[in-house]
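Structures for review follow.
One chain, chain A, links the two complexes that follow: it is found with chain B in the first and with chain C in the second.
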Partner chain A sequence: MTTVRTMHMAELVRAVRTFAASFRLQCLMMRRSPGDLAVLVTAPFFSLMFLSMTEQADRSALAPYAVAAPVLIAVWSMSLFVAGDLISKERGNGTLEGLVATPASLSVMVLGRICAAVTLSVFAFVETWLVAWLCFGVVVRLPHPLALLATLATTLLAMAGTATMMAAVFVLARSARIFQNTLSYPVYLLAGVLVPVSFLPGWLRPFTRVVFLSWCAGLLRDSLARPDIPDLPGRLTAVLVLGAAGFGAGRLLMRRVLWRVRVLGTLGQA
Partner chain B sequence: MSALVQSLRVVGYSARNAAADFAATYTWRSWTFGWVGRMLSQVVFFTLAGRVLGAPDQARSRFIGNAVMTCVVEAMMVVASSVWERRAGTLPLLVASPADLAPVFFGRSLQWIASGVATSSIALLALGPLFGIDWTAVQIPAVVLLQLLTAVGSYCFGLVLGVLVLNAPQLRNIASNVAYLAMMSFCGIQVPVDYWPAPIRLLAAVLPVTYGVRAMTALSAGGPAGAVWRPAAAVLLLGAGWLAAAFVAFRVFAERGRRDGSLEFGQ
Partner chain C sequence: MTAVEAVALRRTYDLGRGRGGGQREVVALHALDFRVDEGTVHGLLGPNGAGKTTLCKILATVLLPTSGGVRVFGNDVVSRTRQVRQSVGVVFGGERGLYSRLTARQNLHYWCALYGLPRRALLARTEMLLARVGLSERSDEKVDGFSRGMKQRLHLARGLVGDPRLLLLDEPTTGMDPVAARDFRLLVAELRAEGRTILLTTHDMAEAEAVCDRVTLIDGGRALATEHPRALGALVSRNERIEFDSPTADALPGLPALPGVVAVTTLSPGRYRVETTATEATKAVIGLLLDRGATSLTTTRPGLEEVYLKLIGNRGMEVGR
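What follows is the complex of A and B.
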């Protein structure tokens, strides 16, 4: 019994080490590659567009919508970008085979790298808040700072988990770029990132409940605007459960995909 | 005259590369359900965003603006695909050849114009009726022509940006994304151009999409012919101006590269 526990502990320590090393590696790589930080350059433009609409229509009360949406767009785009480029870059550099050959889990490595990128993308919140204040004189209050922090933290974790699943799919893809492009605006619509899901056709609405980003969007808007946040713990749990399900599915998928490409000998080929 | 014929021949050869590039990137399924689906979602997203956040009286122009933007977004991919030539290592060979660089690069990314015009036509003609915008059969050729003009004008602007980032290839996606997002913000797509302060209005005034959207909005509203052809002529003039600027920029780029050896080794 003790031996089994020790083995589990050793595995956990190894996973944490892999995660930390991957997180650090991604931070170092992004420092050297300004193109990877594109979402931090584009996020202010989204807030300019959304805030100009509210201000021109004298609807300043909707500013939290205009501030929250670019953050979610940044987080989603960054994770899509990293999940897609991570595999294709390793493949292009000829290092994917080496990575798979090491004893470290590829899923944990992917999770660590995506977590680093997604954490950086949260700076979009600071940017959009500053755009509202400096360009439009709109100060978006933070009435529930702890709920806001909890929402951002759970969003990051769920995003990283879900992106791990996407990275597994990208191993098989001919071009990750097509998936990256395809999974942007349809997901923003389905998740109600800016436009509440009540605007969508009735038959689509049940699907939005299984998109973790739809829970995050509601929570983020509520934590910026409403006097109270209904069922905060339950909604945060929903985000975490959906994110964990994404990571679990990603691990399973990654294992299967890797097995398939090893058998076929196509790991290094797009 | 022979120089013009030679340049057109180079554009033709380069356009064949563009077609091959496009065929290697997309299958008809991934283009239809992936790319077009994504762009139509973008139009719906911003149109509904306007319903939630913006002034209701601009719903019509906002839909048209966002639909026309789809061809501009794709035309701006000329920035990235121009930079791919550096990655492919063909720049020194292109500079060594007797042809000018500008016709080569003008033809090299024409696939985005064809795809962009097709995408925005689908957006305007298929999504339009869902948002209360109907077109008559007589208007359809003018709709396609205006998009073609807007896409080509924006493409010429993108060529200039492409030259500027040829020496900083890592910025190619940032440059094209910032360019089209700035157009979506300031060129009368989400809010009227007059909403912005004078320096931004000046920037919008030199970008072809500002006039392309204006012409398309006038056409959809059944406005007088002058309200359509005057902004359309502005798109044409501005496009020609940006194309001339691109020719000069490519010459300067090639000359500088020859002198300092940065053609192959630029960062």
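What follows is the complex of A and C.
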């Protein structure tokens, strides 16, 4: 029993080291490749567009919504972009086979790298907040800073977990770009990023409950705009559970997909 | 102990359906039986498409066998993948396989971390490996500015990050200059002295003769022969050979008639080879040649290159299937 526990502990330590090293690697890679941070360039423009609409309609109370939306778009776009490109770049670089040949888990490597990317994407929040203040003179207040931080942190974790599942698909399929382009707007819609889910047709709403980003969007808006946040712990838990489910499914899928490509002999084929 | 043991190992690649609708496949390994003893340097020689890289990939666990079994230090590569990965280091050939936008040191830090090394050990291992492959002074330069030979050295260091018991080297000296290739051979000897097992695939006969304890010739996914590089010569000829220069051919008359002489051949203008069946005959031939003023006398046996060409054949640019 003790031996089994020691083995599990050793595995955990190894996974943490792999995660930390992969997080650091991604930061180094993105520093050397500024193009990977394109979402931070587009986020202020989204913010400008949404704030123009709310200000034009004389609905300043919706400013927090216009600030939150580009942040969620940036986080989702970044994770989708990194998850899609990560595997194909490793393939093209000839490193994918070497990574798989190490004792480390590819899922944990991917998780660490996507976490790094989505963490950087949170700077979009600072950008959009500044756009609201500098361009429209709207100061979006932060009435629940701790709730906001908790929301952003759980969003990042859930996002990275879900993106791991997408990365697993990209090991098998090599058309990541089509997948990336196709998946963006349906998710924005189902997550209530552009339009709150309460505005969507009734039959569509049940689907939004299984999209973790819909919980994040609600929490983010509430933490910026409402005097109180109903059921904060429960909603944060929902985000984490859905993110963990995504990561669990990603791990399982990654294992199966890796087995499949080892059978086919296509692991290293760019 | 046996480091690697493959029994009836078969690997095929599916090529999809042909024009007639039938499934097409190419056989890369054809019921291969193969064994590498622990602590030895084992060479794998064969033409392009012989199955060398496929075998390396199966041992590295990035490819599954279609049938048959392979064990690395007793661990099955299919069912005990993690144990195999912990004991194997891989150096695939070519320039790819490194993060070219990062420095050599950053590359090794990452690969070390994937083997679970704690921070202090990771730093020490990285410095040791950089020194070992002669890249310490260039360790903070980005890899995309490295020459091909320097990349190969870094590949080698990367293969050693996990302190492997078995090191798979898939054409590791490709692109290295002669000095670097010589240093590489010395490094292989050091690694062997440390008790590591090395499986080396190469086209370079001189390299194989210089560093390998045993060599397997492979073609069409089948092992043709496994022997010590020098013993392989016996597969081509058991005769002893005397090569010499005689610009005016004065040394030649009567040679073929001597007891034990089986052949006299012209290698190039003024250069000849005599083959004998026994050492006594060789002595007699050498004595006669010296009396007749022959120069540059050497006694030889068939080299690995000759064995390779004899067993595998000279197929020019053709790639095996």
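Simple rule for what comes next: the second predicted complex is superposed on the first by the 269 of 270 C-alpha atoms of A that agree within 3 Å, B and C clash if a C-alpha of one lies under 4 Å from a C-alpha of the other, contacts with A are read in each partner's own complex, and residues count from 1 in each chain.
Note that in this section a contact is a pair of C-beta atoms (placed from the backbone, for glycine too) under 8 Å apart; a residue touches a chain by one contact, two chains touch by 3 or more.
Values in this document were obtained by computation on a predicted structure and should not be read as measured data.
In the overlay built on the shared chain, the residue A:Pro196 is in contact with chain B alone; chain C does not reach it. Shared-chain residue A:Leu172: touches no atom of chain B or chain C.
Of the two partner chains placed by superposition, A:Leu232 touches none, neither chain B nor chain C.
Contact with chain B, but none with chain C, is seen for A:Leu48 once the two complexes are overlaid on the shared chain.
By the touch criterion defined above, A:Ala153 lies against neither chain B nor chain C after alignment on the C-alpha atoms of chain A. In the superposition on chain A, no contact is made by A:Cys135 with either chain B or chain C. Once the two complexes are laid over each other on the shared chain, residue contacts for A:Ala249 go to neither chain B nor chain C. Once the two complexes are laid over each other on the shared chain, residue contacts for A:Thr95 go to chain C alone; chain B is not touched.
Of the two partner chains placed around the shared chain by superposition, chain B and chain C are both touched by A:Ser33. Judged by the document's definition of touching, chain A residues 33 lie at the interface with chain B and also at the interface with chain C.
Residues of chain C touching chain A in their complex: 11, 13-14, 57, 60-64, 82, 85-86, 88, 90, 92, 94, 96-102, 106, 109-111, 113-118, 158, 162.
Chain A contributes residues 33-35, 38, 41-42, 45-46, 48-50, 52-54, 56-57, 59, 62, 65-66, 69, 175, 177-179, 181-182, 184-186, 188-189, 194-196, 199 to its touches with chain B in the complex. Those residues of chain A that touch chain C in the shared complex are 10, 13-14, 17-18, 20-22, 24-25, 28-29, 32-33, 93-95, 97-104, 109, 259, 262-265, 267-268. Interface residues of chain B facing chain A in the complex, by the touch rule stated above, are 25-26, 30, 33-35, 37-39, 41-42, 44-46, 48-56, 170-174, 177-178, 181-182, 184-185, 190-192, 195-196.
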